[in-house]
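Labels A, B, C, D and E are assigned to the chains in the order they are written; within every chain, residues are numbered from 1.
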Amino acid sequence: MATIDLQNISMIYGVNGTRHVALESVNLKIRDGEFVSLLGPSGCGKSTLIDIVAGLKTPEHGTVLIDDEPVTGPGPDRGVVFQDYSLFPWMTAFENICFAIEHTNGNLTRKEIEERTEAYLDLVGLRAYRNSYPNTLSGGMRQRVSIVRMFSMNPKVFLMDEPFGALDSLNRIYMQDTLLHLWSGGEEHKTVLFVTHDVDEALQLSDRIAVMTPSPGRIKEVIDVPFPRPRCRKTLSASTEYSTLKSHLLSVLYCEMLNEIERQEKGLKGLA
Amino acid sequence: PGTPATVPDSPGATATPLQSEKPLKIGYLPSTGHALVFIANEQRYFDEQGLDVELFQFQNSAEGSTAIIAKKIDAGGFGPSPLVYAAKGSPVTIIGGLMAEGSGVIALPEKADQLRDLKSFAGKTVATVRMSSGDIHFRGALQDAGLNLQKDVTIQELSSPSAVLDAVKAGKVDAGVAWTPYMEMAQSQGLSVIEYTSEYYPKHPCCRMATLTENLETDRDTYVRMEKALIQAYRYSKTNPDGAVDDILRYVTIDRGVLKTSLENPHTSISPDPNLHGVVQTYDLLKSIGYIETSVRIQDHVDSSVYKQALDELTAENPNDPVYQQLLEDYRAMNE
Amino acid sequence: MRFSVKHEAGIAGIILLATAVLTIAVPDAPSQAVNSNSAFITVIALLIIFFGALLYLHPKKAQATADIFLIIAVVMFLWEFLLGKLALLDPFIFPGPARVFRVFEIDWQQMLAGVVSSLEILSVGYVIALVTAIPIGLYIGWKKRLFGAAYPIAKAVSPIPPTVYLPYAIVLLPTFAASSTFLIFIGAFWPVLVGSVYGVFSIDPRLINSARILSLPESRMIQRILFPAAMPSIFSGALIALIMSFITLTVAEMIAATSGLGWYIQYHHQFANYDRVIAGMILIMVVVVAVMYLFDRIQAYSLRWQNTQ
Amino acid sequence: MATIDLQNISMIYGVNGTRHVALESVNLKIRDGEFVSLLGPSGCGKSTLIDIVAGLKTPEHGTVLIDDEPVTGPGPDRGVVFQDYSLFPWMTAFENICFAIEHTNGNLTRKEIEERTEAYLDLVGLRAYRNSYPNTLSGGMRQRVSIVRMFSMNPKVFLMDEPFGALDSLNRIYMQDTLLHLWSGGEEHKTVLFVTHDVDEALQLSDRIAVMTPSPGRIKEVIDVPFPRPRCRKTLSASTEYSTLKSHLLSVLYCEMLNEIERQEKGLKGLA
Amino acid sequence: MRFSVKHEAGIAGIILLATAVLTIAVPDAPSQAVNSNSAFITVIALLIIFFGALLYLHPKKAQATADIFLIIAVVMFLWEFLLGKLALLDPFIFPGPARVFRVFEIDWQQMLAGVVSSLEILSVGYVIALVTAIPIGLYIGWKKRLFGAAYPIAKAVSPIPPTVYLPYAIVLLPTFAASSTFLIFIGAFWPVLVGSVYGVFSIDPRLINSARILSLPESRMIQRILFPAAMPSIFSGALIALIMSFITLTVAEMIAATSGLGWYIQYHHQFANYDRVIAGMILIMVVVVAVMYLFDRIQAYSLRWQNTQ
């Protein structure tokens, strides 16, 4: 059970006297058990928004309500996969997950914790790397540990910031399926806020997609994804409904960005 | 009060005109033991002797003695350390004295009475400052009284006389060895004096004025003049004790009353005399209590004649001065 | 219930005032009595004014200011009450505040001269230590071979107490001032060296790789990569070095000094003038706070890229 | 002018006494001016290989020849975009690029360097962020600075490790075009070794694609991409030739991984 | 042309041998002469044996070993040649190696006792400093409010020289040994504190965020996140603290000690026994090298997650 209600969120970063508006009046209501994706150009404030919902940053204006309670700080009800998947470098992969379980599922015995950890490592095929320190893992491995660490906290809300960016395509599909399974599989639906750059990924996974404008970030449009679940990747992407939705999404997404890109392209000529 | 160079009542031999003053660097410790240096400087006796004296303050004897060896200063009076340096074969020579006696043993009043006899120190703990004059002579006295320094008494060495006072007051030790003006400070803080070391070794020397032997060979006259200034300072301290107190207070920051009592204390004597006999005695003590081990004869490192010459010149200038006469007498008793 | 900053600041102010009232109204313990308590009263008045000014000028730092002054106020009050009025501990080594602050009134000229002369040898010795230890430390940390050979030797040499250097400094260096400065230098050298070496060691290897692909010449590598990357650790070493230099002052000023912060303490310590010793300590603290303020500003500016938001 | 010749490269990591074979007998010849992509599952050793070619790691066996000269260390002839795009945190975006230009194009004046830097920042639309420290940039922005930093070094060889992972789709396409332009636009073709997880990206950009096996990493197959240049994204992806090549590539890529994934899926059931 | 390690090791060995030959064959300067040079010869022999053993046992570290011993060999040779044979500097404060090493032969019992008693107060004081300063430092670094108030006060108090604490330690603490230990403690405290605070400050904020979403209780946060993350900086502080403790030994052992490393140096310094002072310094160095070896092992183990390549 968890609803997320973003009320009129603004965020301003003040660096060396200058003020940079990162988010402006963001309003979004996420229902209990809903899967919402955030799409938007680089630098539009997606990570900032995730941090705010997680309670790690305090917005300049506005409030975040989780189950109608205002957020005042981080809590174990909200798990986060960070864009740069920060694992604790002094803990092995195993210990990183153990540690998360230990502090969010209070009443487990040591043995149960370790069993669960093993299970989660199996889930991402990293059993052989249980005793490796993060420094010795490849980028994709670290990302997978970071994802299962979040799963292992068993929070009500999943906040995921480009979680699958460093994965090869097969692992990516597999992790998507796993995410959907964990989202809907347990006794209760999780509520998911999912940042991605991949339009297909957003369409495959989400109930709704929120598209943001470039900085200052605002929510431009929220698009319903009406496909029934479980969805089949192949048939879905072949359907015309899918194509229509995708091109609509792209046009919304790109309309403002194209000007920007055009400007950049001039730079390319300037370089020669 | 600033004491300008008044007309000296003992006109010094101003053979050297003032414009070619001889520079001389003297090291000292901020202690009443160096009173003669302070008075000579304040009363401008050095100037009268044609010396352009620059004073350097040190916080302990080791650094001061090193500075002499390193020729960074020309002379200085640093406790018994010139004796030790001489014993090491270092080319220093003692040419005069500054202070004698002045050390004593203190304790809490309730303990003091049981410790009147040296033998009663058996089994007791005593705090001292290693290698201070009091330390040497107290150890010597204990040994003379038949106590074994290693077995019969526990001697706790601390870093300063004030630490000794603290330790005695806090009851960490049974007694402590200190010197003036700490003896007076101790009394003002409620401690009792058990005995002064002058009772063990009358007239035992304390700070000695020393210089490099080669300085005497090349520039003896300068040191004679320095000694003359110190003798004049001695005379001043005898004839004008209040003025002396003022002069000393410019170099040491202690209570005026305490300083005055300490100068009047019969167990303390300011004296410019090199006291060859006393030095030999102390030197032998240093050896017998195990501080030094040497084959060097200390007699080769004491040159009383510089002082004698200074005294003779002053007496010649003022044949009837009773202070100088007394010093001459003392000289014969202590050096010949 | 949590107090607001305003409440707290108010309480601090009231305690300071109470201390002043206590000082004036109640007679000192006989063993702690001085001619006049005016110096102490002045200090309390200055504290109150300073407190108000800080609150007014830096409203953002009101919390820290209130906290600090609350602590100072409580310390002053207890000091005056327990030692000044009741003389609970040996009055000789634990002088009351009135006696201590009176020293400032009497000795202020000497103290001022001391601050100037100490800052002189301090700054010269400290700056030389920085200028030599940072490049050497960075270089040792960077060159694995040098590290293997030089660092163990440096570590073996480092714990030699400055008093041991004293005679050698006196003999080998031309002036007493140079000897004092040398002692400050040597005391400050090791912390900065260790800080620099550790700084290089804890640089993220990915940054080192980023730099290596540019094939920088060694000097540039040290200046532009190792130095800034090791900066936080260097600052930590430099702070300890600063503390060390102040501590070494007492030893350095044993040589032929007649003024100085360390000299003042050492000198009066010798005469068991504990009121002056404590006054000297307070003076050192005040100087240290001022120097640290400067230090913090430089550090904040140099590390402005770190920990943003 | 630059050829890359990987001769029998093996890499073993020894951690706490255990030995982990990351690369095994990798052989690959890249011709002058060629664009080669590396595809492979997470943890197969792609980043390790890039590091070895860059001269940052020394292989256990084998040699890397650049223009027939063995590599003994890093050099300004090879530019690298790291997977985690490490910028120097104490330099602003502007200074990061300046610094790279300064040390690789020795004979430029200060003014020329700054002008070029401006041009490169324009190229990725980050002029407004010239004075921002990396800590205050978004993930995608940092990645773009890191990419142009490499371009600005003007090396003969581009070594790029998942350079476009954190970019939104439009910026990604734009950066791909920019890369192709810089690769072929100047007087001399650059030689590119490009790591990606995106099969489409590899097909769009490369002359050849090397597919690697999961650990220990070996080169399983090198596939020629015969499409003429300049390529048009739209027409290309619609062509049947493209589909055939893509499914071939996927089958090569997945054949070994599927077993692995199957094993992982069991973990998912084990978790419930 | 670059020498191989073997060449270098050979040269170091030859210089050591040459020193031995020089010692035996050429008479000492008169001012440096001692009854017997056998102690020095023994030391050189031991060095050669030790050198060979290290080369044999740790072939991987041959380069560093050869470098270090080359330096030692050159120092020994120059020392013997310039001071022992030529007596270029004042023989009184600059004794030759034969005179210095003879001290070990004479005083070894006293020295051994000194090492034991010093290590005792050293380890107690140092460990107490670690145990108190690390948690306090981490906590101060973590709690912004505490940092604002406590850290400036800590910095103001830190530069008080240990000599000033002496009387208070003597009066307030039950035994002289406790006073000595306290001085060691206070000397080691500040570097560890500063290292811990800086350690917390330089933690990557992303790691802090990772930890915060777990909503850890404060104690866990400190133990499991701040402590390991700040570890490199803590080690840097702890190393400086170790150096400081050895330096403070000379002051600490001025209180009623009758043996000890610092006491030995201080004592003979007072008697101007410079050969013994230098022997004491060498003894401290040997002890420090041994202690540092232990320290390095602990550090390498604790930071094994760092810089793995």
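Things worth noting here:
Keep in mind that, in the parts below, a contact is a pair of C-beta atoms (placed from the backbone, for glycine too) under 8 Å apart; a residue touches a chain by one contact, two chains touch by 3 or more.
Molecules present, by chain and UniProt name: A, D = ABC transporter ATP-binding protein; C, E = ABC transporter permease subunit.
As the structure is a computational prediction, the values presented were derived from the model and not from experiment.
Number of steps on the shortest path from subunit A to subunit D, with steps defined by chain touch: 1. Farthest chain from subunit D, judged by C-alpha centroids: B. In this assembly, B is the chain whose CA centroid lies farthest from the centroid of subunit A. Note: centroid distance subunit B to subunit D, computed from Cα atoms, is 83 Å.
If each chain is reduced to the centroid of its CA atoms, subunit A and subunit E end up 51 Å from each other.
Rounded to whole angstrom, the centroid-to-centroid distance between subunit B and subunit E, based on C-alpha atoms, equals 39 Å. If you average the CA atoms of subunit B and of subunit C, the two centres end up 38 Å from each other.
Among the residues of subunit B, those touching two or more other chains are numbered 62, 66, 69-70, 162, 166, 169.
Taken residue by residue, subunit D touches two or more other chains at 15-16, 84, 133, 136, whereas all remaining positions touch fewer. Annotation for subunit C: residues touching 2 or more other chains are 90, 93, 167, 171, 266, 269, 272, 304, 306-309. Taken in their complex, subunit B has these residues touching subunit E: 61-62, 65-66, 69-70, 81, 84-85, 88-90, 127, 130-131, 156-159, 162-163, 166-167, 169-170, 172, 291-292.
Taken together, the subunit C residues at the contact with subunit D in this complex read 204, 206-207, 209-216, 220, 224-225, 228-229, 231, 304-309. Taken in their complex, subunit D has these residues touching subunit C: 51, 54-56, 73-76, 78-80, 82, 84, 86-91, 99-100, 103-104, 133-136, 153. Those residues of subunit C that touch subunit B in the shared complex are 90, 92-93, 166-167, 170-171, 176, 253-258, 263, 266-273, 276. Of all residues in subunit E, only 61, 63-64, 67-68, 71, 89-90, 93, 145, 148-149, 152-153, 155-164, 167-168, 171, 190-191, 194-195, 198, 201-202, 205, 232-233, 235-237, 239-240, 242-244, 246-247, 249-251, 262, 265-266, 269, 274, 277, 281, 284-285, 288-289, 292, 306-307, 309 touch subunit C in the complex they form.
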